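Each of the next two complexes has chain A plus one other chain: chain B in the first, chain C in the second.
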Partner chain A sequence: MLSQLLDNFPYLLSGAGKTVEISAASIVLSSVIGLFVALLQVFGNVPVRTLILVYLYVNRGVPLLVLLFAMYYVLPFAGINVQPFLGGILVISIYFGAFMGEVFRAAINSLPKGQWDAARSLGMRRPLMLCLVIFPQALRLAAPPFFNTCMVLIKSTSLVSIIGVWELTMAGREVVERTTAAFQIFAGVGFIYFCICYSLSRCGRYLEERLRYGH
Partner chain B sequence: MIEIRNVSKRFGHLQVLRNVSLSVDHGEMVVIIGPSGSGKTTLLRSINFLEEYDEGEIEVDGEVIGYRLELGGRRVRRSERELASARSNIGMVFQSFNLFPHMTVLNNVMAAPVRVKRVARREAEARARDLLARFGLSEKVNEYPITLSGGQQQRVAIVRALAMQPKVMLFDEVTSALDPQLVEEVLAAMKQLAQEGMTMVVVTHEMQFARDVAHRVVFMDGGAVVEQGDPRRIFSCPTSERLRVFLKR
Partner chain C sequence: MAARTRLRAADACPIESPVFLDLNFVLRSLPLFLEGTIVTVELSALTIVIAMIWGLVVAFGRISRHRALNLVASGYIEVVRNTPVLVQMYFIYFGFAMAGFGLSGFASGLFALSLQNGGYVAEIFRAGIVSISTHQVEGAKALGMTRWLVLRLVVLPQAFVRVIPPLGNQFILIIKDTSLVSAIAVGDLMQAGKLLSERTAATYEIYLILALFYLTMTSIVAVMLRLFEARFAIAH
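And then the complex of A and B:
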């Protein structure tokens, strides 16, 4: 019963490699976007915060699939042609940048006001205050929801197969079309996604433990 | 050392400071007492501009804090760089300690001298260890704040402020969050500082401490200075009715 899965497992693993590639690039880029979004919300003036709010509401209110279709089908009409692989990463990053921004903003804002007071009273200016006092503490608070968002991102990369990007889900569909062993193959695909996400969640737990005060 | 002239502050419609004037001489310890909501903490925080006062002027060691007066009498808010520089010479200790939980005791004390005043790391560490030893914390240098008692944390907070070699120390109800048995060790540390001639402004509810150690006691109520003077006179023969009522409680 497992023979079809075992025979095609190396092919699925190649697809997994592409999934990891897309996920890693998207996680890094969306984290950078999220950090900017969080800082602009915390420190920005009213016009800047308004623009950020529009970005947040749009990305949290529109399905990722719709945004991928917009990139793939609508942008060419505007003369903008983006390669699906790169376009998929960009859309996923911009989409999840909104969620990352809220994770980071919540972490920064949940720090006691006394930490800001203590840092300012010691003569620290904002960049030093952020690097030395705020970010190290916010990192600890942001870690659980950050890793949670990363796992949702990894699973969401399966949507890029809709716009023709080859990755784990598309590899699975190809094998199913060839073998008609849908249950075995998609069970295998699900198992690989689980392994990727479980590994990340273990990393997250390890980081949380390392960041515990008094460790 | 500290000159507060006609300072007023509002939070929305609420007037929290009303035309407050106060001076603190070099080496003097001034204790501010008063009921909750009288403006004591707001006044203290205005000295290092953690609260922005609306009117008046505050000078510390000849430098106007928070604002710069331009030609024509216009008041312009100082830049963040100028504010940070002024604050680095004014030490402050908070009711909730506000130690940095992700740093050891030693790093809590060393971080600002090294990163703000650009003191060499070795020199900053030596001074930090010396200060921690003076306040009985030598064995705690590599501990994290979460492992310390409240009294120990507050003493670390005092040392952290002193490590910046401030001209003035501000204390905002530093024993209010402590169990009674831990209060004494913190008050002893403050007495030690007063004996060494540090200029201090202390907001506290510890009346015995104010009576024993303060050079001058200031009573505030409703955002204004109601009465001030020698602690022996203030506590034994208050002239204002409001102070009499406050001390009776």
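And then the complex of A and C:
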């Protein structure tokens, strides 16, 4: 029964490697985008803030799969050719950049106003204020929802298999087509995802407890 | 339904779209998109109803004093929340098909979406129930209420008001997640767009329509939610 899963487990693991690659790249990129989005929302002028709101609204209302397919079908027509692997990472990063932005913005906004005033009264300029006063405190607050978003992101990387990128879910489908042992193989695939996501959420919970002093 | 959809897609569409946004194409393909939208709405509504009921059951398991029940419920929540819904869909769709009693794509999609979102909804309900102050529970107990009565008359009505915003967010995520059933050959809105973009060159129009349709659906839910919230905020 389980032999089909065990025989193909190394193949699935190499798929998992690709999933980790895509996830890591997307997490880094979407965090950078999210940070910019949050800062623009806090400091930007009205047109910039409106633009950001539109970006957030679209990402909250349109499924990731629609965006992935749009990348796959529309960009070639616009004369831009990206590899699905790279394009997948880009689309996931832009999509989750919106959610990361919300995470960071909520953390920045939840700091008491006195912190800003105190920093300003010490004569700090904005970059210094952010680096020394705001970020160290806000990032601590942002840690739990950040890890949560990362988990959702990792699960969402499975969608790139639909536009033909080879990763864990795609590897699972290939093995199932060969062995027809769908229950075992997809249970194995699910197990690997579970290990990745669960360890991350454990990490998040550990950090949450470690960082909860001083508030 | 898939065969009918394919026929219509083939005769409705031009090979090459002559202008940047071909309104003619939009008009001609609209019935196809509407047909897909109906499937998406059906699937979303059914998922929401089942996930709410199942989520409440799991939440009761999660807060129960029964050790085994508690363990099963939290194990279930961890498993469904830490695996992608797409893999769950494949597990159900291909698994049952290869075991000899195939479920339809729609049924598999509904099953997987309800399982996953049941886990999320259970956590939302649990958080809502836990957020009610213990003084309330103690007060109710002091009045001689049983545990069930405390839950039904004191805790749940208050918890219900608090879970409206996160529940609404979950509903929006459900609508978006239904697009995944296009991967197991269900003729939903996403699938309509996919079929058209395989057969025509009108990709700008197709993805604009798709985005607008999904945005409309999620916005309607968001607005309804806000009204609902306002309505109960006054009563509170």
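In this section, the second predicted complex is superposed on the first by the 213 of 215 C-alpha atoms of A that agree within 3 Å, B and C clash if a C-alpha of one lies under 4 Å from a C-alpha of the other, contacts with A are read in each partner's own complex, and residues count from 1 in each chain.
Simple rule for what comes next: a contact is a pair of C-beta atoms (placed from the backbone, for glycine too) under 8 Å apart; a residue touches a chain by one contact, two chains touch by 3 or more.
Note that the structure is predicted; figures quoted are calculated from it, not measured.
Chemist: Please determine, from the superposition on chain A, whether chain B and chain C clash or fit.
Modeler: Chain B/chain C on chain A - fit side by side.
Chemist: Could you say whether A:P10 touches chain B, chain C, both of them, or neither, answering first, second, both or neither?
Modeler: Touch status of A:P10: no partner.
Chemist: Quick one: classify A:F69 as touching chain B (first), chain C (second), both or neither.
Modeler: second
Chemist: For A:G79, using the defined touch cut-off, is the partner it touches chain B, chain C, both, or neither? Pick first, second, both or neither.
Modeler: Neither partner.
Chemist: Is A:S201 touching anything from chain B or chain C once the two structures are fitted on A? First, second, both or neither.
Modeler: A:S201: touches chain C, not chain B.
Chemist: Taking CA centres after the superposition, what's the angle at chain A between the directions to chain B and chain C, given in steps of 10 degrees?
Modeler: For this superposed arrangement the angle is about 110 degrees.
Chemist: Is A:G61 touching anything from chain B or chain C once the two structures are fitted on A? First, second, both or neither.
Modeler: Touch partner of A:G61: chain C, not chain B.
Chemist: Tell me which partner touches more residues of chain A in the superposed arrangement, chain B or chain C.
Modeler: So, of the two partners, C touches more residues of chain A.
Chemist: Just to be sure I read the superposition right, which of the two partners does A:P47 touch: chain B = first, chain C = second, or both, or neither?
Modeler: neither
Chemist: Please state the minimum Cα-Cα separation between chain B and chain C in the superposed model, rounded to the nearest whole Å.
Modeler: Chain B and chain C, overlaid via chain A, are at closest 25 Å apart by C-alpha.
Chemist: Touching chain B and also chain C: which chain A residues?
Modeler: Shared contact residues on chain A: none.
Chemist: Which of the residues in chain C end up touching chain A in this complex?
Modeler: Spelled out, the residues of chain C in touch with chain A are 78-79, 81-88, 90-91, 94-95, 97-99, 172, 176-177, 179-180, 182-183, 190, 193-194, 197, 201, 203-204, 206-207, 210-211, 214-215, 217-219.
Chemist: Going by the contact rule set out above, which residues of chain A touch chain C in the complex?
Modeler: 57-58, 60-66, 69-70, 73-74, 77, 151, 155-156, 158-159, 161-162, 169, 172-173, 176, 180-183, 186-187, 189-190, 193-194, 197-198, 201
Chemist: Give the list of chain A residues in touch with chain B in this complex.
Modeler: It is residues 112, 114-115, 117-118, 120-126, 128, 132-133, 136-137, 140, 211, 213-214 of chain A that touch chain B.
Chemist: Under the definition above, what is the set of chain B residues touching chain A in their complex?
Modeler: Residue positions touching the partner: 48, 50, 80-81, 84-85, 87-92, 94, 96, 98-102, 111-112, 115-117, 143-147, 160-161, 164.
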